[in-house]
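Structures are listed in the sections that come next.
After this come two complexes, each holding chain A, first together with chain B and then together with chain C.
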Partner chain A sequence: MVTTLLFVIFAGLAIGCAIAMVAQRNPLYSAISLVGVFISLASLYVMLAAPFIAAVQVIVYAGAIMVLVIFVIMLLNVEEEERPSRRLRFLLPAAVILAAVLIAEVIFVLWSVQTSLYTPGSNVSDTGLTSSIGIGLFTTYLLPFEITSILLLMAIVGAMSLARRAGVMTVTSRVVPGAQVLAMDIADPRGVSDETPVATATTAQAARLLGVESKQDSNEQG
Partner chain B sequence: MGPQLSWYLALSAVLFTIGVVGVIIKRNVIGMFMCIELMLNAVNLTFVGFSSYFRDVTGQLFVFIVMTVAAAEAAVGLGIIIAIFRNRESLDVDDASILRL
Partner chain C sequence: MDWNNPYIHSVALLIAITVAFLTIMLLVAFTVLAERRVLAFIQGRLGPNRVGYGGILQPFADFIKTMVKEDVVPAQATKFVFLLAPMIAVITAIMTIIVYPFGPTITIPFTGWTFPLRIAQFDVALLYVLGVTSVGVYGIALAGWSSNNKYSLMGGLRSSAQMISYELSLGLSLVGVILISGTLDIYSIVEQQSGWFGLNWNILYQPLGFIIYLTSAIAETNRVPFDLPEAETELVAGFHTEYSSIKFLLFFNAEYINMITVSMLATTLFLGGWNGPGVAELPLLGVLYFFAKILFFLFLYIWLRGTLPRFRFDQLMGFGWKFLLPAAIVNIILTATAIFFRAS
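And now, the complex of A and B:
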């Protein structure tokens, strides 16, 4: 049957890409393999009559999250792992044994699912449609939804404060507009030499006082 | 006869196991991070499979929330990775074994 064939194709693609991701030494290649896993999983979601989740999978996972990961890989200029470390020697068999235990556990669960007595209802259902997901999300599960938005806010603040470049900076050092602006308490007070208050009327005047030549000024002069 | 629920569960189990093995044997922080994403996706597949089997939308709502958590984890985790790299000049987990930057 067609669905069986499609399942075999996409499941094989997912498992192959996952193994390639783990076996790959170059992080960039692993990231691309992970995108393959995400896309084949999205195809499986379509076969499971969940088109909304499939679309979100492609947009959020294969789009946003993987772009973030690849951006960080390229930002940090990660090289391939070169040396085979001492740690791997006993970790590899340990990983295989743990994986075997996990698979055995899952086979037990699968067996109990197959022998259960539940029979699904009619074939007609609107389970995966966007409207039914929206109704569920905004009625029964409104509180988890709101908590999720707070979680995202926390993630924004946390990521910004973690990735900020902390460092001591003198008050008189130049701060170019568009560069990272540091909090005043990080600034080193020893660098203060002239504390005379200065009043300026325009931005261009202030820029000239600070020694920052704005592009507009140089255009006007030249 | 199309694909059964148990097929999807088996696929999900295999993917999750590959993710666990990856987290154990990888030394690169970003590699471990991607293996965790793989495990989250395996669990998502289980949720969607059960949801479509029982004709209940709750499983797909859970997938939605898991994706949000994964996005938040990606943002914060990559922030931590950048902070560690800035201080240690390395992404090896063995080099970052003490709990301070």
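And now, the complex of A and C:
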């Protein structure tokens, strides 16, 4: 009785938050609604005797990924979304068809569960407990586990290599002031292990030496 | 008494939750007072000593004063989120206390009723603590964003960056203890430390893990020397600049509750929880040991605040990522190797 009541509460919360997430125009409210979905789902996992999955769901999704999403929204100060353009209108029938398929699936699952001959046992399984998941991950499913971790590692390395493209600068490339901070020997390879002071007479000479000619200098030359 | 009877069980749980809540709230009130008095002592002042005997009623006077102040909401603030943020902060702070055992199983004299001094015991208690703590970041981040104030936003951003960074080394520093205990259930971890007249504490096997945990925990609770989010010399008051009256009180409480729960985790995982000499003969002594250890950590917090200057923000992030995180990983490798060789 209490279990049914709790299920209705959390399932309702999950669906309500999911609808709110899609319907909200403000991206921050959408993000908060998504956190609500994750936490309601975690509560449902607890009721399904899978406490480990529930805890990991909250730690990874609600506690790490969504914090980063909210971080980005805060940093970029994303404004409320405009009304969607009519460009993607042709997707509406596709959405209706997919929704119909999903509902059909749900009805089929419910019907097949109702009519099946199998009755669940009363003893609680230990499938969702930490030790059984750990044993499964490091024995039976070791290869998929390792492959998934390598996939994540690839994503990290990819992000790093994209972000560090500034490291392969040449002497002549222009630097937007304040856009990135680089060590002197990256910006100017000639500066490495050469500590002789360079004397220049004018600002223009110094600029030419450092490869940061300004527009004013070229005007003087011309 | 039949504890499996659902009605008796519910009533007992309600009583346990109320007692734990009131204990924490009183502890918060007197930590605030102790902080002001001890800081004053360190700095050669007197501190608040007028309300009640030696200032003992000062926290209640402060409470009444804060409650009757006007509740100001900035005109440009995002109202709903502005209201939601302090609630998230204080609820996530107080949710974790249900897993900490305050003492061993005790027997009430003359009636013969026995019950364990804890609210809940479950398989993933430690993960639950980490999960709830990680949700607590939202309170601060959303408060900073919704205030529509540049100092609040800077404070909120700094704070969430700091909490995300130090959560990693905090979680990893606990892995050593989990490896030794072989369980995530906090009650079992405490029970395993009861050997050697109650002095078989995990800190003996995990000294490095303990130091990493302590440092990360101070950063996680945004306290000196890691109190960058509310660095008053730069950011007015950080994320709660625009908060007043009861909402400010909620943030204030959340910070101190976090200090207490973090101390409780350190006590249960590293310092043996309620274990100590003589607990086996006199179980109520365990409660005393438990709170003595928590008070030690709280004193440490105040002591650090009185003695250490604040980090710079880049130093803070560098320290977390380049020193604490590798140190925590080294600790895991050392512990795993030791367990492997002891088993083989």
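The rule is short, and it goes like this: the second predicted complex is superposed on the first by the 144 of 222 C-alpha atoms of A that agree within 3 Å, B and C clash if a C-alpha of one lies under 4 Å from a C-alpha of the other, contacts with A are read in each partner's own complex, and residues count from 1 in each chain.
Keep this in mind: a contact is a pair of C-beta atoms (placed from the backbone, for glycine too) under 8 Å apart; a residue touches a chain by one contact, two chains touch by 3 or more.
Only a predicted model underlies this, so the values are computations on that prediction, with no experimental measurement involved.
Student: Once the structures are superposed on A, label A:152 by its partner contacts, choosing first (chain B), second (chain C), both or neither.
Tutor: Only chain B is touched by A:152; chain C is not.
Student: Between chain B and chain C, whom does A:130 touch in the aligned arrangement: first, second, both, or neither?
Tutor: So A:130 only meets chain C here.
Student: If we overlay the two complexes on their shared chain A, which of chain B and chain C does A:97 touch? Say first, second, both or neither.
Tutor: neither
Student: Taking the superposition as given, does A:56 touch the first partner, chain B, the second, chain C, both, or neither?
Tutor: After superposition on chain A, A:56 lies in contact with both partners, chain B and chain C.
Student: For A:64, is the partner it touches chain B (first), chain C (second), both, or none of the two (neither)?
Tutor: Both: A:64 reaches chain B and chain C.
Student: Please indicate which partner A:75 is in contact with in the superposed arrangement: first for chain B, second for chain C, both, or neither.
Tutor: Both partners, chain B and chain C.
Student: Between chain B (first) and chain C (second), which does A:4 come into contact with in this model arrangement: first, second, both, or neither?
Tutor: first
Student: See if chain A has more residues touched by chain B or by chain C, and give me that chain.
Tutor: Partner touching more chain A residues in the overlay: B.
Student: Return first, second, both or neither, reflecting whether A:142 touches chain B, chain C, both chains, or no partner chain.
Tutor: Neither chain B nor chain C is touched by A:142.
Student: Between chain B and chain C, whom does A:47 touch in the aligned arrangement: first, second, both, or neither?
Tutor: In the superposition, A:47 touches chain B alone.
Student: Which parts of chain A are in contact with chain B and also with chain C?
Tutor: Looking at chain A, the two contact sets intersect at 52, 56, 64, 68, 75.
Student: In their complex, what parts of chain A are in touch with chain C?
Tutor: Against chain C, the touching part of chain A is residues 28, 32, 35, 39, 42, 51-52, 54-56, 58-59, 62-64, 67-68, 70-71, 74-75, 129-130.
Student: Which residues of chain A touch chain B in the complex?
Tutor: Listed in rising order, the residues of chain A that touch chain B are 1, 3-4, 7, 11, 14-15, 18-19, 21-22, 27, 30-31, 34, 37-38, 41, 44-45, 47-50, 52-53, 56-57, 60-61, 64-65, 68-69, 72-73, 75-76, 78, 81, 85, 87-88, 91-92, 94-96, 98-99, 102-103, 106-107, 109-110, 113-114, 118, 120-121, 125, 127-128, 132-133, 136-137, 141, 144-145, 148, 151-152, 154-156, 158-160, 162-163, 165.
Student: For a test of understanding, state which residues of chain B touch chain A in their complex under the given definition.
Tutor: Of all residues in chain B, those touching chain A are 1-3, 5-11, 13-22, 24-28, 30-31, 33-35, 37-38, 41, 44-45, 48-49, 51-58, 60-61, 63-65, 67-76, 78-83, 85-86, 91, 94.
Student: Which bits of chain C are touching chain A when the two form their complex?
Tutor: Chain C reaches chain A through residues 78, 81, 84, 122-124, 127-128, 130-135, 137-138, 141-142, 144-145, 153, 156-157, 160-161, 164, 167, 183-184.
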